[in-house]
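Here come two complexes built around subunit A, the first alongside subunit B, the second alongside subunit C.
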Partner chain A sequence: MRFALSDDGLGFADAVRDALGSVAPPAHVRRWWDAAETSLVTPPFTGDGPWQALVDMGVVSACLPGDVGGAGLRFVEMVGVCEELGAAALPEPVVATAVVAAPLLADLAQIVDGVGEASPEVVEALEQALDDVVAGAAAVAVAPQDDTLVECADAGWLLVEADGGLHLVDGRSLPANALVPQRSVDGARRVARLDRAHLDLSAATQLCGTGEAATAWVAARRRAEVACAAQLVGLGRPMLALTVDYVNQRRQFGVPVGSFQAVKHQLADAALHLEFAVPPVRFAAAVLSGVEGTEDAEWGPLGEPQVAVSTAKAAASDAAEQVAAAALQCHGAIGYTVEHDLHLYMKRTWALARSHGDAATHRSIVATHLLR
Partner chain B sequence: MRQTRRVELRWNDTERDFRDECRSWLSDHVPSRPLPSGDTAEGFAAHLEWEQQLFEARWAVVSWPERYGGRDASLWEWLIFEEEYYRAGAPQRVTQNGIFLLAPTLFEFGTPEQQNRFLPRMAAAEDLWCQGWSEPEAGSDLAGIRSRAVRDEEAGGWRLSGQKTWTTRGAFCTHLFGLFRTDPEAERHKGLTYFMVPLDAEGVTVRGFGRLDGDEGFAEVFFDGAFVGDDMVLGEVDRGWSVAMATTSSERGLTLRAPGRFTASASRLVDLARSRDGLGDGSTERSPVLADEVTRAWMDAQAYRLYTLADVTDIVEGRPPGARSSLNKLWWSELDVHIGRTALDLLGERAELVEGAEEAVAGGAWMKAYQFALSGPIYAGTNEIQRNIVAERVLGLPRR
Partner chain C sequence: MNIVVCAKQIPDPAEPGELDPETKTLKRDGKLILDESDMYGVEMALQLADNAGGGEVTLVSMAPDNKVDGIRTGLAMGAAKAVLVSDPALAGTDALGTAKVLAAAVGKVEGADLVLTATESSDGYTGTVPEQLAELLGLPSVTFAKHIEIADGKVKVQRQTDAGYDEVECPLPCVVSVTAGVVEPRYPSFKGIMAAKSKPLDQLALADTGLEADQVGWAGGGQEIVGVEDAPEREAGEIIEDDGTGAEKIVAYLENLKLV
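Up next is the complex of A and B:
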C-alpha cells in the first residue's frame, strides 16, 4: 500500500508548477480577460506562452502511447499536473486536450483499426489529429452527448457523438453557427454551445458507432470529471494562500485581522475541506487508471469507477466553493474588486464547480449506487 | 540509486493473511448480542472479560511488540485490524485510554522498568487507566492546571493534591495518568510533571457521576496528599507538558480513531436507510433529502479512510503530520455527529426510543451512538481549539 503521488507524477507536477509560475502568472490570465472584451475568440498561442511551454515539456501529449509520439503516462500520473493547471487558473485548454481528448483519440484509433469500416478521410483526419497533439499544433475538444457546453471553443479538432456514431470534425473549418461562443462569468474561459444541426456530419466524418466506442467514451467522460475535480482542489490552494497572506498583513483594531477567531475558524474550515477533498480525487484517478489493487473487493462501493469519480467531483466542487466563499469574506472589500487577483480564481471555481456535474448531481449518482 | 516510488493500492500477502486471520477470529468470538455499555458497572465487567479474551488471542494490542502481548503489527496492519474490528461489530474498547494514549507515551518516554511493569498488565486489562487532564479550572486551557505535586524527600516521592474531573471511566479504572504542577512559581506550560497514580492509593477519592448518555462512567478524582514514588514520574520532572503533548497528538490523530470505526458506522447507516426502519426500497425517491444526507455521511467516511491511507504513507516515508492531526480530529468528530443525526432522522419519531422500549430500533443504539458522538467535538481538545491550531500552526495565522 502506498497512497501518494508516484515520484514521476509528483516530479512532473512540480516541474509544471515551476514553469507556470513564470509563464502563466495572474497577468497572463488577465490577458485572456482583456481579449474577451473585444472578442470571444481564443487568443493565439504564442511561442513564449504557457501552451508552448507545456507542449515542450511533454504535458500535452503525455497520455498518448509511445508509438504515436507520447509518453504513455496513465491518468494517475497526471492528476497532480491537473491540480497545478487548476492552481494557475490556466486558460489554455491543456486539461481538455491532454488528459481527456488525447487518450480518447488513441483509444479510438485502435477501435477504428479493429473495426476497419471508417472512411479514408476520417482515418487520415484521426492521424492528423494525433500528430497535432504531439506537435502542439491544435487543441482537441470532446463535445458531450447532450446540450452541455463545449469547454474549448476554438479547438482544432472536435470529437462529437451524434445519431449513434462518433465523429471527428476539423474545428478550423466548421460551418458558421456550429460552435457558438458563450460569454462566461470567468473572462478567461472560452465555452461554446454546439449546434449539431449546423455540423456537416456524414459517413466521411464517422469514426465508429457509439456502441463500439462506449467504454472509451465513458472513460473519457470520467477522466474529464476527475480532471475537473483536480483543477478545483488546485484552485483552492492559491485562494487560501492569498487569504492567509492578506489576513496576516491587514490590520484593524490595531491587530492583524487574522488574529480574530472568526477569521481563523472560517479559514481552518476551508483548509479542512480542501485537504479532505484531495485523497478522493487522487483515488478516483487511480481507479480510472486501473492501478493494481483498486479492483480489490475490500474497497466496497468506492471501488466502482463511477462512485469513486462522483465522490471525488462532489467533494472537490464543495471544497473549492467553500474556500472561495471564505477567501472572499476574509478579504473583505478588497476581494470584491476586479483589481485583486482573487476573482480570477474564484470565478473559475464557480464555473468548474458545476462543469462536468455539480456536487448534488454527483451525490445523487453515488446515492443511486448505495441505496438502490 | 533509489527506487522510483509508485502509487500502490494493493495489500501485500502478509497483510492479506493478517486480515483473514483477524476476520475469522472475530467472526468466531464477537458476542452475538451487544454487551451492555462499558460505561456502566455491569457492562464494564463484561467488557473486561472481552478484553481478556482479546489479550489471550493476542488481539488486544496488535501494534505492540510481542514481548508485551502484541504482534509487532505495522501501521497498515493496525488499520486493517481496526477495520475488521468495527466491521465485525465488536465491543467498544474500555482499555483504550491506556493502550492508545498512555502506551505510546510510555514507549517514548518510559524507563525500561516502567515499560515492563505497566505495559503487560495494561494489555491484559489487569490495570485499567484513565486520563487525568481536565480540572474544574483547566479544560481547553489545559496549561491552567492547578493540581500540585510537592516533593517529599524523606519518602522519596511526591505528595499530590487537587482535583481532576470529566475523567472517562474514572469510576471503574485502577490507575490514572495526568499532569500535576511541580513548580508553583513556573508559568503555565512550565513546571508541570506527568504522573501515573494508582487510584487505590491513600488520599485519592473517586466520585462517579452521570453522563449525558445516561451512563455513569464519568468521575471526578480528588487528591489529598496522596503519595507516589519517583518511579511513577513519566519523563522528566517539570517537563510534563511536552510528554503530555505527545499523548494528545495521539488522541487527536490516528491512534484513537482509526477510519474503520467510521466506515463501519457509515455502512450501517446505509443499511438502515435501505431497511424498513429507514426509507426502505427506493430510498432515493422516497426522501431525496435524507438520501443525500446518508450519501454525504458515507462519502465523508470514505474521505477519512483515504486521507488516513495518505497519512500513513506520509508517516511511513518520514513525513510526520504534526499539527495536521488537528484536521483529523475535526473531521472524524464532526463526521460521527453527522452519521448519528442522519440515523435519527431516518428513524423519525422512533429515534427517541431507548433501550427497554419495545418499539425501539436496534435497542436504541443509534440514539446512544449519537449522544456518544456529541462528546467528540468536546474531548481531546474542543474543536474550537483545534480550529485555532489549524489556523495558527498549519496555515500560519497570527496567534494574537
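Up next is the complex of A and C:
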C-alpha cells in the first residue's frame, strides 16, 4: 500500500497551496476573526476571494460526476487538498461542501432517480443544489440527527437527517432562528446548531428514506471525519514552520533558543508525531474511496472502514494538538498574544481536534471493533 | 491565432538557491517549477488566442534532465502542447546559446503568429534572450509590453517606460516580451491538471534542433565562470569615542577614503 499522494493528487494539492498562498493569507483568516467580534453571521464569501478562486479551479465541484459539471474525483485524490485547506486555516466552508456534502448530493441524486418517489419540488431542489455547487453559488452542509454542529452557519443548502428520511432544505429560506450560530474557540469558524422546532420538514423536502441512503449517509460522515483529520495534519505544518522560524530568531545566552535540547527535542517529537499521523489519514481516505488493496484480507478487521477512519482521526487530533502545545510553549510569551498568527492555526486545531469525535472517542471506537 | 510562449523552468525561489562548486552554476537537480514571470506570458497567450476566436498556445522550453514539472503547470493552465529541448550538451549554455536553442524549438512549431516571452527569468536575470531570439528568428520585437491587443494583422502594445508607456505597433509575426502584471495569471484548474498529462509534449535532443554541440553549452559560451565565492561578511565598523577630538577623527577617516 502506497501512502504518498498520486501525481494528480499532488498536483491538486500544489495548485491549491499556491492559490491559497496568494488569496488566503493569514490576514484573510483574521478578517473572519474580526467580524466575529460583532456578529456571528458568516461574512459574505461566495462570488469573491478564496471561495471564488477555488470554485474557478474546480475544487468545490471536484467530487461531483463529470455529467453534472464536476471532475469525478474520488475522496482519496482530494485528501492532500484537505490538508492544504487546513494548513491555510481557511474559514470558508470548502471542505464541508466539496468532499462531504457535494458527493453526498450526487449519491442521493442517483438514489432518488432510482427510487422515483420523491416530490417534484425536491427533485428540482436537488438539481438546483448541484448547479449551485458547480457554479459556486452556495455552500452545502449536512445536519445529522445526533445534533452535531452544522459546519456552515449559513449554508445555501442543508441536507438534514430526520426520522424516516433525508431532507434537502433551502438554507436561504430557513427561518432566522432555525440555524443558531454557536461561538467557537476559533473566531474564524462559523458553526451552528440546528433548532429542529423551527424546521419545516415535509414530503416536499424529503429526498428518500434513511434506509435507502444509509450507505451514502454513513460514507459522507466518514469523509467528514477523515477530512477533518486531514485538515488537522495540514494545520500542524504552519504551526511547526512558524515555531522553527521563531526559535531560530529568538536568542538567549547568546545563542538561538532552538539550539537548546528542551526546545529542539520537543519540536522534533512534534514533527515526528505529525508525520506519523499522515499515513493513517491517507489510508482512511483510500479505504473510503475503495482503492484497490485496501480491501486486502490481511488487514482483517482493520480493513473495516470505520476502524481506518477512527484511527486517522485519533492520530491526527493527538498529533496536531501536540504540535499546537509545543508551538505555544516554544513561542514563549509572544505565543500568548492573540495578534500572533500562531493563534489562527492553534485555535482551529483545538476546534477541529474536538469536532467529529475527539481522539478518545475514536480510540474507543477502534477498541470496540478490535475487541469484540 | 497560434502563439508560442517561451517558458523557463526554474528551481523554486521559495527554497534558498545553491551554487554547485564543481560546475559553478545554479543547482537545478531538484524539482523545477514554471518561472512566475512566464505565467504572465502563458495567460496573455491564452487570452489572445481566446479573443482571436481560436488557435493554439504552444510552450517551448529548455531544461536539464527532461524536467517537465513546470511545463505541466503551463499545460494545466490551458496551453495545448509543448516542445522541450533537453540535452547534457546544453549544460552551461549562456543567454545567446539559449536563444539559439529556443529559436530552433520555435521553428518546430508550425504557423506561429506571435512569440511571447517574459522580460527576464527570475533565476538568471540576463534579460537579453527575447531580443536575441527575435534576431535569430528574423522577426521584429517589442519589449516590456504591459498591454497587448491584436488587430488587423498587427500587434498593438503599450510598452512600459520609466515615465509611463509608449504605444507601439508591430506587424505579425513578431516577438513580444511581457512584464509582470500584463494580465493576472489564472490558477490551473483541476480538470486542466488532469488533462495536462495527456497533452502532446515533444521532447527534443540537441541533434533534433540542428544545432552543433560547439554552438551551445560551455563550448559555445562566450564566457567562462572562473570562480564562485561567498560574498565577504560585513566587517565591524570602527567605534570612535568622543573625547573632544571626535570630529577631527571623522575628518581624518574621510580624508583617508579621499572623500574630503
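Definition applied: the second predicted complex is superposed on the first by the 366 of 372 C-alpha atoms of A that agree within 3 Å, B and C clash if a C-alpha of one lies under 4 Å from a C-alpha of the other, contacts with A are read in each partner's own complex, and residues count from 1 in each chain.
One rule holds for everything that comes next: a contact is a pair of C-beta atoms (placed from the backbone, for glycine too) under 8 Å apart; a residue touches a chain by one contact, two chains touch by 3 or more.
On a predicted model such as this, the values are computed, not experimentally measured, just so you know.
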- Message: Taking the superposition on A as described, I'd like to know which of subunit B and subunit C A:Cys330 touches: first, second, both or neither.
- Response: neither
- Query: Is A:Val59 contacted by the first partner subunit B, the second partner subunit C, both or neither?
  - Reply: second
- Message: Contact-wise, after the overlay, does A:Ala216 reach subunit B, subunit C, both or neither (first, second, both, neither)?
- Response: neither
- Partner chain(s) touched by A:Leu242 [first = subunit B, second = subunit C, both, neither]: neither
- Task: Go through the superposed model and pick first if A:Cys152 touches only subunit B, second if only subunit C, both, or neither.
- Result: neither
- Query: More subunit A residues touched by subunit B or by subunit C?
  - Reply: B
- Message: Under the stated touch criterion, which partner chain does A:Ser364 make contact with: subunit B (first), subunit C (second), both, or neither?
- Response: first
- Message: With both complexes superposed on chain A, which partner does A:Val112 reach: first (subunit B), second (subunit C), both or neither?
- Response: neither
- Query: Touch check for A:Asp18: first (subunit B), second (subunit C), both, or neither?
  - Reply: second
- Task: Examine A:Pro256 and indicate which partner it touches, taking first as subunit B and second as subunit C; both and neither are also allowed.
- Result: first
- Item | Contacts on subunit A seen with subunit B and repeated with subunit C across the two complexes | 7-8
- Message: Under the stated contact criterion, what part of subunit C meets subunit A in this complex?
- Response: 72, 76, 186-191, 193-194, 196-197
- Query: Mind pulling up the subunit A residues that touch subunit B in the complex?
  - Reply: 1-9, 76, 240, 244, 247-248, 255-256, 258-259, 261, 263-265, 267-269, 271-272, 275-280, 282-283, 286, 291-294, 296, 298, 300, 302, 311, 314-315, 360, 363-364, 366-368, 370-372
- Task: Over in the complex, which subunit A residues touch subunit C? Could you list them?
- Result: 7-8, 11-12, 15, 18-19, 53, 56-59, 62, 71, 73
- Query: Which residues of subunit B touch subunit A in their complex?
  - Reply: 4-12, 15, 19, 76, 267, 270, 273-274, 279, 283-284, 288, 291-292, 294-296, 298-300, 302-307, 309-310, 312-314, 317, 324, 327, 330-331, 384, 386-388, 390-392, 394-400
